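The same subunit A turns up in both complexes below, where it pairs with subunit B and then with subunit C.
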Partner chain A sequence: MFGSKKRKKPQRDPHINKLIEIVGEKEVLYEDADLLSYDCDGFTVHKAMPKAVVFPANTEEVAAIVRYCSTNNIPFLARGAGTGLSGGAIPLNREVIISLVKMKHLLSVDYENRQAVVQPGFVNLKLTNSISDKGYYYAPDPSSQYVCTIGGNVAENAGGAHCLKYGVTTNHILGLEVVLPNGEIIEISEAGVPDSPGYDVMGLLTGSEGTLGVVTKITVRILKNPEGKQTVLAYFDHIEDGSRAVSDIISAGIVPAALEMMDKTAIEGVEAGAYPVGHPDDIEALLLIEVDGIKAGISEQIEEILNVCRGRNVREVKVAESEEERGRWWANRKTGFGAMGAISPDYLVQDGVIPRSRLPEVLENIYEISRESGLRIANIFHAGDGNLHPLILFDSRKPGETEKALKAGTACLKACSDVGGSITGEHGVGIEKKEEMRFVFTDEELEAQIKIREVFNPDDLLNKGKLFPTPSRCMDVKKIVKDTVAVQ
Partner chain B sequence: MLKEMAAPEKTAPCSSAGLSNYFSADHPDEDKWADCVHCGMCLEACPTYLETGQEQHSPRGRVHLIKSVAEGKIQLKEQFADPVFQCLDCRACTTACPADVDVGGLIEEARGQVRQAMPLKGWKGAVSTFFLKGLFPHQERMHTVSGLLKFYQKSGLQKAVRTIGALKVMPDHLASMESIMPELQTPVQKKYKDVDVIPTKGVPKARVSMLTGCIMDVMFGDINQSTIDVLTHNDNEVTIPKKQTCCGALHVHAGDREKGRKLAKQNIEAFENSEKVVVNAAGCGCALKEYPELFKDEPQWKERAEVFAEKVEDISKYLYDTGYEKPRSSLNKKITYHDACHLAHGQGVRHEPRQLLKDIPGVEYTELSNADTCCGSAGIYNITNPEMAEAVLDRKMENVPEDVEMISMGNPGCMLQMAMGVRKYGRKSEIVHTVQLLDWAYQKDEQNAGLEKSIAVAGEEEA
Partner chain C sequence: MGTKEVPQEPRKDTSVSLADAFGNRGAEVLTPKSEEEIAEILQKANQEGKKIAVEGGGSKRGYGGTKEHYDYTLSMAGNKGVVEHKVGDMTVTVRAGTTITELQDFLQEHNQMISIHPNWPDQATIGGVIAANESGPKRLKYGSARDLVIGLRVVYPDGEIIRTGAKVVKNVAGYDMNKLFVGSMGTLGVITEVTMKLRPKPKCESLVQVSVPEEKLQDLKDLAVRVQDSMIEPVSLELLNTALSKKIINQEAYTLLIAFEDVEKSCRYQEEWIYKHKPEGADVEVIHQQEAHHFWKTFKNLEPSGLTAPAFEETQAVIKIGSKNMDVYEIMKESAGIEAGVKVEAHGGLGHGISYYTLSGPERKVISAIQHLRRTAEEKKGYAIVKHLPYHLRDEIDVWGKKTSYFFLFEGIKRTIDPKNTLNHQRFIGGI
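Let's turn to the complex of A and B:
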């Protein structure tokens, strides 16, 4: 030991050896350069390195990893495709990341009972693609559906453009298999029978942002394709007219399958991206409206929508003439967030919810925040259910801009909660909005929720530091970011 | 240990503090990675991510690492080199990317840096030097090889080697490559050595120059011949500029950008007087179109490269854009089409070759699912990364219907790789180049016309 100048190769961490024993050498990443790609998810403002990334192949391996971590007091968290926008999969505490991407199979489809069983790493859109030849689909359609996993959707209770009519993820989950933080495997409503008696534990787990358990199997509802479908694109010279049209459509008694809005900056972004449609560059807003259902009623609804738009001074309004055209409109909308990369090096997306009728004033407030901060804000969102997505465009390479963007984001959420809204519609709280939880909950309400977490996750080893503000520990993440930004 | 883990990692905003761990010359372009917002929409498009499930082998992961070298977080070492070279360079991510991030360009720049920091050694180095430096850029040596290969085939040596199992001493993947070696024809470079302009039968409507390619001309001389015949059939005179050389795609993919630049300059000069440069190998075409990327530090050459790149066109797109005669004779085959990555993702050519096929009477066209997913050939990737290449090929073959008689495509690398796939899975499908099918249909037209003519003549005589 002493006297020996020859440096020995550093011994591998015994915990890593144990994880390798569980899943095999190839399924564990533990060297820094390999871990670097896991230092953030779709929310890139915060970055932190995990201890390891493990790739279990089945529920038993997940349970063994969880058991090992929990008995040895090692923090851990679950990760899917890592497309989350609130930082839910970022390892703030040097966690062992349990990546579920190798549990990616469609286990069974029961057309008679309209349900399918999938593993958590199964990609959202693949479900629809696998059953579409039989005329079925899976309704929740987050914009990242090409890549995001259904396990991640459950954790975040993901929404999407068509959730206005069909509801978000929680409305489509019929059963779950979950590994609890102590390693125990439980089944909730195994047969997929709805309305089981007792507390709605499934509802509690859906949207718990990976703080209550690791989902390893999901039974979902599948739907028959609607008989008919039509899509409308409407261009407005004034954003206020566009916003008013949204309320008018809903108050006319129409429930569109989707009712989406983009403002001028958002349109600039999507037109600069990979899927441009050729929207005019001098309009202030566009609406993308889809109606589906029984064929007979659709054209009447479309006619009514066209009338509403005309009543609000629409410049141009058109109905998609082909499936190909409809597809182009949707690709343009669904790749909207990523397309912002074409006009800005970084963005921060917020996820406020407001009562629809307050849309004009809240948008005006958001533009005021943009003017004040000097940062551009693009709005591309689910107008129909009042779910705003202000995208704050910034350049993290410029000193102070990250901090400014965070501040502007908080201000946007404040503007939403001030009109009786909420701070998240579908992206989750994660790291990003945990402080803003105070806008909508009192200390007592937060405490009550933390007590629920403690029932499942008493040692707070699973996805620690997410979802709730952590005042007692003085480890406000945003403060750390501010400090590091200030130092630079 | 546990104490250390309990302390939260200090989080930092992503910012790049210069290009710290890169060599200053020809470093990856910061503006390219600034476009990436880490949304992850590229993940499911990436064959190596689908295979490994690991983010460092995904496009956004690679971009993240490339950025991390600039930020000084990692070094130009093995663990950076591995993900960067594991990339197939298939460009599927550029199609999937909402922000048009040039991942392919970044990867190639990063490879250039890696090769500066850690030159290739061992058998990979030897293979690379042999093919990339010693062989492809030298036409006369390629012709010699062609001659030797032909001798190998004709002399019965090939048969002997296959029978006695000498192949067993070769590494598996090289042996399986040998087994699908096509029957060789005379390279057109050699055949038209003394011809300046290959004439049309009728009045010429245009004159085009052809890039013969190195592998294409040696391994698939017949496809080059078909290309010439189809072009002249459609009233295009063809020239084969003598000074042309290897396109350099493989060099640039392998990180040897210096050699890539040399070859690029030679080609730019060779085709200076050409109005149109027609290419039948997707990989070459894509590389030629990307020459400007190589000359960031040489503005004059960059300008010339841009002029040159504008002239380059894939054969299928050229025919589609300028018009072609629809054949009248039927081929009566069930055919599917595989998108070469560098045609679909690299050049955006998808519709044109399909239309060519559909215009041939008797073709029963079947669309391949995931037609634009890489087959694993990827230049010499199947030689340098055989395991991954094979896994990617397996995935590809799963999508090929058992009953297709022909699989058509527009790239020689894909043709060799798909031929291996067909052989491995015991399929009967023939691997063909799109332009060959058109050529065969025209040939049939001519035979039929000849037959009709002789019948007509006979008829007249009888009368």
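Let's turn to the complex of A and C:
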């Protein structure tokens, strides 16, 4: 294992040499200084150094790397743009990171069949930009869409502001090419044909947070732009009125394309950020509502939305008068997380989901958590589908405050799961919410999932230590002992 | 077989029971009344090495399955009823044995619906529909079961009860285990409860039927391409062949069913759009609300099912084809090459890629027609599944078609969850 020849420089790890053989010298990072920026992703609370980062150019190289790692018992994981918010790409076990950013091409677009084929490193927004001249777009639109990759979106089953009407990533994936953890390449629904016979392996892989395979090619559904689109901004003096308006809109039989909400602290943040729009500073909540579809039918729905808001004591409600104004409202919303940096040195994003009718009481609980922890919590979220994003503001330089923030985050998730909700709507479990999985699943249910992982990833070398709580059951402990022995 | 003396009215052969004709039935029928009872039955059967066939309303008895003998039929028909309906959250939790019609009728009172429109809604249960991944023409806009199921309760073969997903519309906690059971043909667990996303009932429903004579079929494809490249938003773009058009709307023509469900103004605008772009010489009929509703009701009850007594001296088969969207058209065109003597009633979604072919005729000819369709589909990188066929033919024709290169994953999944093959053994792809 260790270099024993007498050389001036310590000999390079032979595994690194092997990886260089596969992808070339320039495509492997292994010096500590180069690896530093890969010690975490969008979840910055936890950091760990990888063994190396490799940049394959094609599926065959990915497969060769995976095969090498797998035969040599080297932990590995796949990484896209590193924007994940739950730590799914953090190398907890000194992994070899397979960065897919160089596999970044749009391979084909088939307008007649409404599908496009992309490599995993292709940036989400670039897809829409590449097809917009023909009036098409790719629906899933996470806030980080200008930088996040579609491969990463598949791993996380990413959502976005418009998934209320159009669904999340899994609803838009038609086919996948995948390198399994043993290095085998499989192609699921090669032509993007629906209902492929057999178990829905594609559905399992989507949202598996990179623990079942490395996706190397993706066939996605593309949609035609809606004919019309109108956006409403509503300001409320009482947060409860805003929350109730959300339910009223849905109950009125309207399916908005987006229904977003921000509370007072969030508004303070976005107004201090890079894209202020001049929201009043004394309102308690705002709603950003978008309706799209056939032009002829939109005004009727907008009228109904305005009425609902008025019925809930709205202070002011307006319809965007131009595409430019609409664009400004959305930029203000989509950069909302980052904008918190303007009012707090650090912030932690949470991602709980609740049945939307429970919004008022859950928000009240979150404010209670804020009061108890002494930390401010801003809420900026997808109200229409009940996907909350409490942003816990803290200062990591103050001793103990990071821990306090993490604790408050966990408490928020508990508040969501207590009303029958979930601990994550789109950011994933990663390492951040591993333990909180117990809020929503029993041991037996977790075990059922782990058994599925074992079918794909029997040696648990791919993205180990993510998604599931640390072992508590004897079965898992036994496995750990086995693994530890195997690694020696 | 082989005799030309086919009775004019296909006679119901009462001597052959449905179970004999379609298989998938156990020696004893068990009708548990609760999830606990189901769990007890499964646990015991699993321990004793007994084999169970799971059944809802029985409409899919002819769908897959090459095993001659099961020890028990586990009938889910007694497990019905809405467990929880959250009107404001637009979600419903329902017991698996509830029929589609029962569920829709219940939701209708709240101006809501499940947006999945499978065949035989009066008989088909929600559990069966999910397990077989059934859908209908409107999946173009509304998606299919995998898009709409948000949570399940499933009894594993060892009696363990597992929840998957949650009762919220957006959720990525853990693996998306719902997907595992949608379309698994009951080979992994018994679904006892289903939670689904709902949609508001559309304020306006309309259906535009555009018909053209056979030689002008290409015009309908061009229209469909144009629709798909426009901004109008149909809920169906279903192409019907002449035999099916004749049967439903009495038109000796190919027909495109373009449905709209929206507010009234949108529907009208889109109907007009179709009028404006209709092919020259095409026959266009528009129906609304009750009439459209009635049309779809008829449409959903046309294909033979496991509850239809097999016709004497005639073999009936239903084929599901998956292809690229526009290949639906190509495959339908090529289906004209099926030899004479087989009646072919076909429809397929030009926006979603799923087609159904009902074949009836002499046994051998039906078999070769199935092979013809399968070849055509596979040449286009699609597939053809036989979703309804008498039991005695299911050995001869592999219902599921060729195995995928990653079949070992399916085997791994089955082995992990049902190592003793307790549930629906040999019902699914590759004998799983």
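Throughout what follows, the second predicted complex is superposed on the first by the 464 of 488 C-alpha atoms of A that agree within 3 Å, B and C clash if a C-alpha of one lies under 4 Å from a C-alpha of the other, contacts with A are read in each partner's own complex, and residues count from 1 in each chain.
Heads up, the rule we're going with is that contacts are C-beta pairs under 8 Å (C-beta built on N, C-alpha and C of every residue); 3 or more make two chains touch, one makes a residue touch a chain.
Note that the structure is predicted; figures quoted are calculated from it, not measured.
Undergrad: So in the superposed three-chain picture, is A:Cys309 touching just subunit B, just subunit C, both, or none of them (first/second/both/neither)?
TA: Neither partner.
Undergrad: Going by the contact rule set out at the top, does A:Thr335 touch subunit B (first), subunit C (second), both, or neither?
TA: first
Undergrad: In the three-chain superposition, say which chain, subunit B or subunit C, touches more residues of subunit A.
TA: Of subunit B and subunit C, more residues of subunit A lie in contact with C.
Undergrad: Of the partners subunit B and subunit C, which touch A:Lys47 in the superposed model: first, second, both, neither?
TA: Touch status of A:Lys47: first partner only.
Undergrad: For the complex, which residues does subunit A have touching subunit C?
TA: Counting only subunit A, the residues touching subunit C are 110-115, 135, 156-157, 159, 163, 167-168, 170-171, 186-188, 190-204, 206-208, 212, 224-227, 247, 250-251, 253-255, 293-297, 300-301, 353-357, 382, 385-387, 420-429, 433, 437, 440-442, 444-446, 448-449, 451-456, 467-468.
Undergrad: Inside the complex, what are the residues of subunit B that reach subunit A?
TA: Within the complex, subunit B contacts subunit A at residues 1-2, 4-6, 8-16, 34-44, 53-56, 58, 61, 64-65, 68, 73-74, 77, 79-80, 95-101.
Undergrad: Which residues of subunit C touch subunit A once you look at their complex with the stated criterion?
TA: Going by the criterion above, the answer is residues 86-91, 111, 133, 135, 143-144, 146-147, 156, 160-164, 166-180, 182-184, 188, 199-201, 203, 225, 228-233, 262-266, 268-270, 320, 322-326, 351-354, 380-383, 385, 400-401, 404-407, 409-410, 412-413, 416-417, 428-429.
Undergrad: Provide the residue numbers of subunit A that touch subunit B in the complex, in ascending order.
TA: Subunit A residues touching subunit B: 13, 29, 31-34, 36-38, 40-42, 44-49, 51, 53, 55, 73-75, 81-83, 91-94, 99, 101-102, 104, 123, 144, 146-148, 273-275, 335-342, 345-347, 395-397, 402, 465, 475, 477, 480-481, 484-485, 488.
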